[in-house]
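Below you'll find the structures, each written out as structure tokens.
Both complexes shown next keep chain A, but they swap its partner, so chain B is in the first and chain C is in the second.
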Partner chain A sequence: MRLMRYRWIAAVVSGGIAWSASAQTARSHYGGVLRVETSDTGDAHFAAQISETLVRSNRHGEIEPWLATDWTHDFANARWIFTARKNVLLQNGVPWAPSESALSIADSKPIEEILVESGQAEKSLAETGPFHVSNLKPGQFARLEASEKYWGGRPFLDAVEIQLGRTRRDQLLDFELGKADVVEAEVTDIKSLKQRSAVVQMSKPLETVALVFENAAISIDVRQALALSIDRATIQRVLLDKQAEVSAALLPQWISGYAFLFLTPHDVARAKELVHGKVNLMLCSDPNDRVLQPVADRIAVDASQVGIVVHQSTGSCDARLFRLPIRSVNPQQALLSMASALHESAPAWAQPYRMERELLKDYHVVPLFHFPLVHVLTPNVRNWSADWNLADVWLEATP
Partner chain B sequence: MTFRTKLLVVSSLTVAGAVALVTGAVSVAARRAFERVDAERRGALLQQFEKQIKAQGSEVNAALQRAGSSVLITRMAAEADRPDPDFASFYSDAQLLAQSSGLAFFDVTRKDLTILSSAHWPVRFGYKNDWGSCGTCRIGQAFLTRIPMPDGSAAVALAAVAQQNDVILIGGQRLDAGFMKALGEAPGVRAVLCVGPQECFDSRGPVALSPQLQSLIAKAAHNNNVSERVGDEAFQAALLRESDVSLGVLLVASSLEQQSKLESSILTIGLWVALCGIVLGILLGWWTTERITRPVNELARGARAVAAGNWTAKVNVPPGDEMGELAVAFNKMTGELMEQQNRALQAERVAAWRELARRLAHELKNPLFPLQITVENMQRARSLSAQEFDEVFQEGTRTLLDEVRNFKTIIGRFSDFAKMPAPHFEPVNITEVITDVLRLYEAQLKTNNITLHARMADTSLRIDADPDQLRRALSNLTLNAIDAMPNGGALTFTTEQMENAVQIRVSDTGQGLTQEESSRLFTPYYTTKQHGTGLGLAIVQGVVSDHHGKITVESAEGKGATFVIELPIKQMAAAQV
Partner chain C sequence: MPRFTFMRIVLVLVWLAATLAYADALEDAAQELAAQIAGHLGAQERAQFITHNISSLPAVDASRARRMIEAALPKHPRAKSVVEITLTFSENAAGYLWVAEIHKGEVEMVAVRPKRAPSLPDRQLLTKRLLWQQSEPLLDVWQQDDTILLLSPTNLAIMEAGQRSEIAIEVPRVRDPRGHIDVEGNRVTAYFPDATCSGTFKPLQLVCENKPSDFSLNGTKVHFTPGRNTLDGIRPSDENVSVCSGLSLTALKENKVELLGKNRAHLDEVDLAGTVTALWPANDGARVVVHNLNTEQYAAYALSVDCSSR
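And now, the complex of A and B:
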């Protein structure tokens, strides 16, 4: 199964690599400042460019050594001993010298779980990344500058300026005005952007759109009825320009490999059986989200067919429609991250399918679609990837 | 209440009543006229509403016809035939068509009314249109309909249906504030359209209805058309229906402000007129009553003067009307009364003189007879011996002297009555005066076997009186009582204090008096006794009268008599009365 998944991953990522290969016809170039804009207000995108962990998952979801070069049991088989990478410097130029305890982990759980946990961003050990923060206005702006003595080699870019918390409409406007090199776009913008010959980079699905019930008083029958009433396929075809994947799983098929096991029936008759009398439900979604808003409207229309009257609200909510970013292509890491984002208790360590089943039981969370991350680039940006691996990005010199 | 007051009240009430009647009548007439005009104005606005519906319906139809010829519709018609049409390709086409045709609602559907594209609810594609009536069966006809909105509410709109190839175009214009504004309300008239329990608007926007108006709408839902006054407005509520479905209620209101102002003005004018009328009525009434009551007052004054004994009183009222005739009659009456009194007085004087002459003759005749006998005895005694003559002479002269004294006594009494002096008032203890009198006659009462009883109310009571005259009067009454009881009896003196007077009652148990005797008892020289002068009780009455009191007698034959004297305690107050 695992091999199957890796084949999937290889196939999925190959698209992006193919695009990169075509773009790398020119020779890599050092220097330049990359201007990036994002709607995110946190540091999740670029945290990995500053702080590093013992291990990390690569683009294929595999755990690979990072600050630790290898790991082995101690003589008593009681602890795992990680070997620290040499010649690693902190941002201030001081050699990284971790304590023994930081590199010694009790052998209390499977090594796979230990490695996944050790690769999570919050487990980062030290600011030893390829960039360091030179200016930060939380929620608004961050400037990262290249670390000259990074153990993996100096990044191509001199610096990266990141505008945080910009709406996607504003990002496109800034892009049109030449104020940004990389901006985010909606899946529904792809068609028109391509018509304008913009450089659009679309990742594999890395965002899950889900309906999350916040009011515990809503019965499981109503939750299930609402899930059954939603015609995902029509929404995907008409409202999402066929640019999203229909799914009832939290993780997309290309990451988990089992998403197809979560069925997406549109069964109005069954839903009607589950609803007794008229049910009113307050549904919240970001009113500024140009994609989710019509989706929420259509959900209301679909729900009305089975006797659930959905009122759009920005205040108290019975249910909320929102996007869940997939922070890792490692399934277990991603699920743990999603559980944290959903304020759900973390599922017990198991195979990803079991963990996801645990998270989706009782219809508290109803996944609907998987969105790709869409970025619009200026033609001189090279090696951009949706996981924000800024160390590999370089700017082609403009003539 | 005087005649004048009564007349003023009646005249004031008459004026006020008349003004109130006129004011009320004018108010009612004005109100009816206003109500008629208001009803016409409301009716005109209702007609204007219907005209506006027709006109806008034609506009919606025309807009649909124009939209039907667009390229978008042609493209959609081509796509609509496919079993699984690409809704995404015309997702926003209906919005573009709605904008270009100026319609608020625009759905493009297949023949089975499956929505291909919707302007006001784009995400409703694929579902059936439920507000376009029966679709093709009403092509070209405008109709009112209720359109469900994304937020769960419903809008009432004027809709129409058109067909272009294989697609149905259903468009509508919302009945909203803009529509109401287009009605062109006349001043003082407004229309409110309610399409839901809390969803009402007029030409200016949403309107919050009072509970009374909500009640009116509920009535209209049952009775189609209801009129009612709410606050300062008259409302007519008309139910909007389409194919037996209630779509809303149109309230047409006309302001009653002008009517209220007019009614207020009429009321104010009425009040002022009534006030002026009352004042005028009072003045006129005063003048009239002055003219009427002056002779009446003159007559009253004359009557009071006559009652006070002024028989010469005349009433000076100009002749010419009833009051003048009454005054003449009054003057004539007093004149005749005067003459009659003079005649009666003369007759009484004559009678008194006759009585006096008779009494004098009687009083003088009694001593004359012994005188005559004595003189004759003395003449006959001249023939007797000297000794016998001396004895007769001595006896005769003694008798003559006795009778002469008797004459003097009689003459003295008449003289005293004639010379009754004016009383000299001083505080007198009435109990002491009565005690003095009774002590004087104590022996005589015992001799006549008369028992004495005295019941004094307040032994310290003092009145203003002449003590000598009072003793004389009470002595006369005591002597009178002794004379009335020759065979003994009981004499009772009683005093009782009244409000401003003292009452003295002197009762005997004698033979009593007849009614005729009682009426003449105080006439001078009248007596029921064989040897009385008839002046005793006249003197008593004179004393009592001089003391501003009064004396009466209570008697029945065989049951004794009681003389009741009332004397004022203070003479000043009595004199004024």
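And now, the complex of A and C:
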């Protein structure tokens, strides 16, 4: 019988996938309420703080045990049986007692695929996380309270208050007025924020800006022509303050290791060959997005060079320019999550490169840039990470 | 055998073992990639490589890897045509990734772990001495002659004459784990915020109960605060280690332990490669655990204070 057994390694390494501008000089401090603002309206950022999965992807993208401590085949070699972690409590204080079926998964595909799927946020099993929701106004506000008996150790913070759906401009205003401890900022804000001596924390690239075609009637030739017409390097230099990575891959190089294989040719001559006659195209982007709006304008200018007339629209769209968050450092998990966000059918399980090539093969999705996530922090915030690992965040005590 | 010489030998053996594992990983990856490339070559074809190294793989290892891949490819003495292969040594969050672009439009790749060749542990001989280094979190360490006890959040390990054995510890978890070992003769006690484990280390046996117990710090009875990372019985600002003649060691500065005199005057300091996560008294000074966030290694040092001039 094949046996896979992983030893759980205590995850005391904090910081996750981001670097911090502030130095850690003292032992972590318990207590306090952290006030965070985000432009997101859903719970994607904090869902993992409330409910948990059998396994999870760590900061290296490796799948590690979480609510399950190990897994093995049953006697018939037909199912994988996961062992539940002991001493896990639900938010109401009742011991977590999963049913046998929740811990048994048919051995119908490679174990690597089963583990990646089991670690996806939508597969969360139980509300056992380090925080629990004490107040929720969907799309507006959430208050999370620390779970005193969390199996992984009580979080340092007493509570986290999250303002949802705030534009980044409003977030910076709130920060200036002392109403928030952590807010989001744009890559184009970095220079001015640093000049004002703000504590700015920039992650590795964790957001993909892509052009996504929504109108199936747009031919592959036109899609490819538009991709070839875009001068990514100039946009990156002029409009994005050189703070983004130019790319034609969904995943950034630091996560996949193979992004360099996806080339970003700016080939106007070839693009012209692909366009026959005048082509009109409706392009949508978020009108409140002060970074993507100028990028959309520039795409329209580039497209006009090859005979594609781009009209910016807020109604029906042939194509949309938007930001795709990268939710995992595990390449396959990230690609499955992106496919779901793009409403594309999930690629067949394979090496990440082959899965990504499958997703990009017909120019329905044209990646353009990878953005870092930028957060502005008050000086007393410690251990903030772009992946919102709130349980390890702490506030330095005021003297 | 003198204690220091023995420790050097142990450290060199640990380094040697890690180096051999690294060499094996490179060899295995080279064999695997060569086999994948060979699948694309016809009987009349031979490979010609163009290499790029865009990773942190040392240039010498990249050259060695290329030679290993070339050597592992089947030889076709009568090959008439050349297939150009672009070999890129890349890396991602998990480790190295070697990518072969075969100029027939095919791409093959292989992941390589461990990512880096280990470097020989640093040694300081005057005021600090490296006792141990590991990737697993380390809470406290105790050393006498050729025996080292290593306390982590999940086990107590004993290293003796290069042999490691360990016993698992199941205690309630805290966010910022702390632990402390006391040894008296063959008796060992491990203190945690919500538990106390006691037993012997020869043989290695421990019994744990889920309640904190007092231990002595600078002559004061203290215990870990349940569920927290603080000590009850002492002010946080007094969490230092008293040494001779009113001197004390503190870890208030980043990546340093300071020697303070009377009236907390600064006398000396040692630089450490990481954040200090534990500082405990020892017979001739203190023992300190640091966490290097760059290498992700935990290291324990013995700190010796020269009290003769005080």
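Quick notes on this structure:
Note that in this section the second predicted complex is superposed on the first by the 377 of 399 C-alpha atoms of A that agree within 3 Å, B and C clash if a C-alpha of one lies under 4 Å from a C-alpha of the other, contacts with A are read in each partner's own complex, and residues count from 1 in each chain.
Basically, contacts are C-beta pairs under 8 Å (C-beta built on N, C-alpha and C of every residue); 3 or more make two chains touch, one makes a residue touch a chain.
If you're wondering where the values come from, they're calculated on a predicted model, not measured in any experiment.
Chain B and chain C, once both complexes are superposed via chain A, fit side by side. Of the two partner chains placed by the overlay, only chain C lies in contact with A:Asp392; chain B stays clear of it. In the superposition on chain A, A:Pro205 makes contact with neither chain B nor chain C.
Of the two partner chains placed by the overlay, neither chain B nor chain C lies in contact with A:Pro367. With both complexes placed on chain A, chain A has more residues touched by C than by the other of chain B and chain C. Judged by the touch definition given at the top, the superposed model places A:Thr234 against chain B, while chain C stays out of reach.
Of the two partner chains placed by the overlay, only chain C lies in contact with A:Gln253; chain B stays clear of it.
Contacts of A:Pro294 after superposition on the shared chain: chain B is touched, whereas chain C is not. Once the two complexes are laid on top of each other via chain A, the angle at chain A between chain B and chain C, using C-alpha centres, comes to 170°, given in steps of 10.
Contacts of A:Val309 after superposition: chain B is touched, whereas chain C is not reached.
Once the two complexes are overlaid on the shared chain, A:Phe156 sits against chain C while remaining clear of chain B. Of all Cα pairs linking chain B with chain C in the superposition, the shortest spans 26 Å.
No residue of chain A touches both chain B in one complex and chain C in the other.
The touching residues of chain A, counted against chain B in their complex, run 231, 234, 237-239, 241-242, 294, 297-298, 300-301, 305, 309, 311-312. Every residue of chain B that touches chain A in the complex is listed here, in rising order: 86-88, 91, 121-127, 150-152.
Chain C makes touch with chain A in their complex at residues 54, 88, 90-97, 99, 101, 107, 109, 136-137, 152-154, 170, 172-177, 227-230, 236, 252-254, 275, 291, 293, 296. Contact residues on chain A toward chain C in their complex (touch as defined above): 8-10, 12-13, 15, 17, 23-28, 30, 59-62, 86-87, 148, 151-156, 253-258, 260-261, 329, 331, 351, 353, 391-392.
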